[in-house]
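Shared between the two complexes below is chain A, which has chain B as its partner in the first and chain C in the second.
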Partner chain A sequence: MGLDSIIGIANSALGAQSQRITLIAQNLANVDSINSPDGGPYQRRIPVFEPAQVGNSDGLGVKLAEVVTDQTPPRAVYDPSNPFADESGVVKEPAVNPVYEMVDMMQASRSYQANLSVVQTANAAALKTIDLLK
Partner chain B sequence: MEILQPEQQVMAAALQVRAARAELLAGNVANADTPGYLARDIKFDAALKQVVENGDGAQSDTSSFETTLARENVGIDRNDIDVNEQLAKSYENSLSYVATLKLYGDSIGRLKSATASS
Partner chain C sequence: MSVVIPSQGIADLAPITPQRASGTTPTNGFEQIVQQVSDTLKNADQMAAGYAQGKVGLTDAVLASEKADTTFQVAMAIRNRALAAYQEIENLQV
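Up next, the complex of A and B:
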């Protein structure tokens, strides 16, 4: 228990939110990737968070539990000139919505900032506690 | 005779409860995007009473006075965290911590000057 474990909790969230932003960047970067290594178009990745024990504190930190793949069917785009088009001229493009990803990114960024301000609050209180020794 | 006055013991206990509460509030902010996570908090007055009654608060188990407050506004992800609310609570808790700390430090300072050899 203590102010140091608060920083540990906030730190776990900062890490988890960074990983989330990394996945969003990956989704946005692959918005037009029609041929992924797994075959077929790129499928967007979704982070799943779960509470995690940090040290022996009462408050719970957070961790990235798993990364799931969005099973939404790919977008069908008619483009017969594309070498990846099927016999009816349809190309399967990733079901990634850039608008959705941007909104998700803003939310992740806000959560990151919220945890930073928790660190600042804990830090200010810790400094005042150390001042008692003066 | 106890060196610390009763009010100083209460202040020390209050600091412990504030620190424990700050942890839970930090956990709430950290889990703002965790599906199925419900806000956790402690009732300050009940927790303070418990620490004071247990005598030496340092050994009392702070996890025992944890409560999960059932809330109405649970989203589709079964998460009821309002980040702004939790941050405000965290600031308020921190302010009370620092205020208690100031009072405690001042009273210890008076004790120090009273016991200082002239």
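Up next, the complex of A and C:
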């Protein structure tokens, strides 16, 4: 059914953007994490999306294909008093730029709203069609 | 039909269970629509409960509810249409 397909596709996008915002939250939260479980400072996570079949809808929705780590080298900060500093007194801090993350978050938020608009449009069209019967 | 004795009042009413007329199948017309609407509403309820339990995402729950609402409105519109047609025939002058 048309309406179901539209709402299903938009729903997949809403889910994908939520996951994107989750990763942004994770990046922002770990802006100062210099000792991650896999050794070294925290590495920024980037979502990779891909088109995907949603249910038995006509078109393609979107899904989170994988989460990759940003390979940018960590920021070197001179802080000899830090127990994690190397012999030359340099601490490796995560290469997370809060400004990038905020911009990314605005994009994700706008995209989420755009997909909500799709749902609203599909619903309004359906209700207008039902009005034909009245 | 039992006789009502004023001093005893009226006995408790038994709940009325709808019975399908003999010879009809659940696949006919409006009954099928009602069944579909009922299923969609039940699904929306389950999704809302699932969201409260943290098993279902917010968007899934809200969109299921939205879909149930639309389906219900379609059923109501069809019912009103059918009833209007019936009344039209009822008012025919003979």
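Methods note: the second predicted complex is superposed on the first by the 133 of 134 C-alpha atoms of A that agree within 3 Å, B and C clash if a C-alpha of one lies under 4 Å from a C-alpha of the other, contacts with A are read in each partner's own complex, and residues count from 1 in each chain.
FYI, a contact is a pair of C-beta atoms (placed from the backbone, for glycine too) under 8 Å apart; a residue touches a chain by one contact, two chains touch by 3 or more.
Not measured: the values here are computed from a predicted model.
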item: Chain A as common anchor, with chain B and chain C clashing or fitting; value: fit
item: Touched partner set for A:48, first chain B, second chain C, both or neither; value: first
item: Touched partner set for A:57, first chain B, second chain C, both or neither; value: first
item: First, second, both or neither for A:3, with chain B first and chain C second; value: both
item: Partner chain in contact with A:125 - chain B first, chain C second, else both or neither; value: first
item: In the superposition, chain B vs chain C on chain A residues touched; value: B
item: Where the C-alpha centre of chain A sits as vertex, the angle toward chain B and chain C in the overlay (nearest 10 degrees); value: 50
item: Contacts of A:111 with chain B and chain C, given as first, second, both or neither; value: first
item: Minimum C-alpha spacing, chains overlaid - chain B and chain C, in Å; value: 5
item: Overlap of chain C and chain B interfaces on chain A (superposed complexes); value: 3
item: Residue numbers on chain A that touch chain B, as the complex places them; value: 1-3, 5-6, 9-10, 12-13, 16-17, 20, 48-51, 57-62, 107-108, 110-111, 114-115, 117-118, 121-122, 124-125, 128-129, 131-132
item: Residues of chain C defined as touching chain A within the complex; value: 57, 59-60, 63, 66-67, 70, 73-74, 77-78, 80-81
item: Residues of chain B touching chain A in the complex; value: 16, 19-20, 22-35, 37, 40, 62-63, 66, 83, 86-87, 90-91, 94, 97-98, 101-102, 104-105, 108
item: Interfacial residue positions of chain A with respect to chain C in the complex; value: 3-4, 7, 11, 14-15, 18, 119, 123, 126-127, 130, 133-134
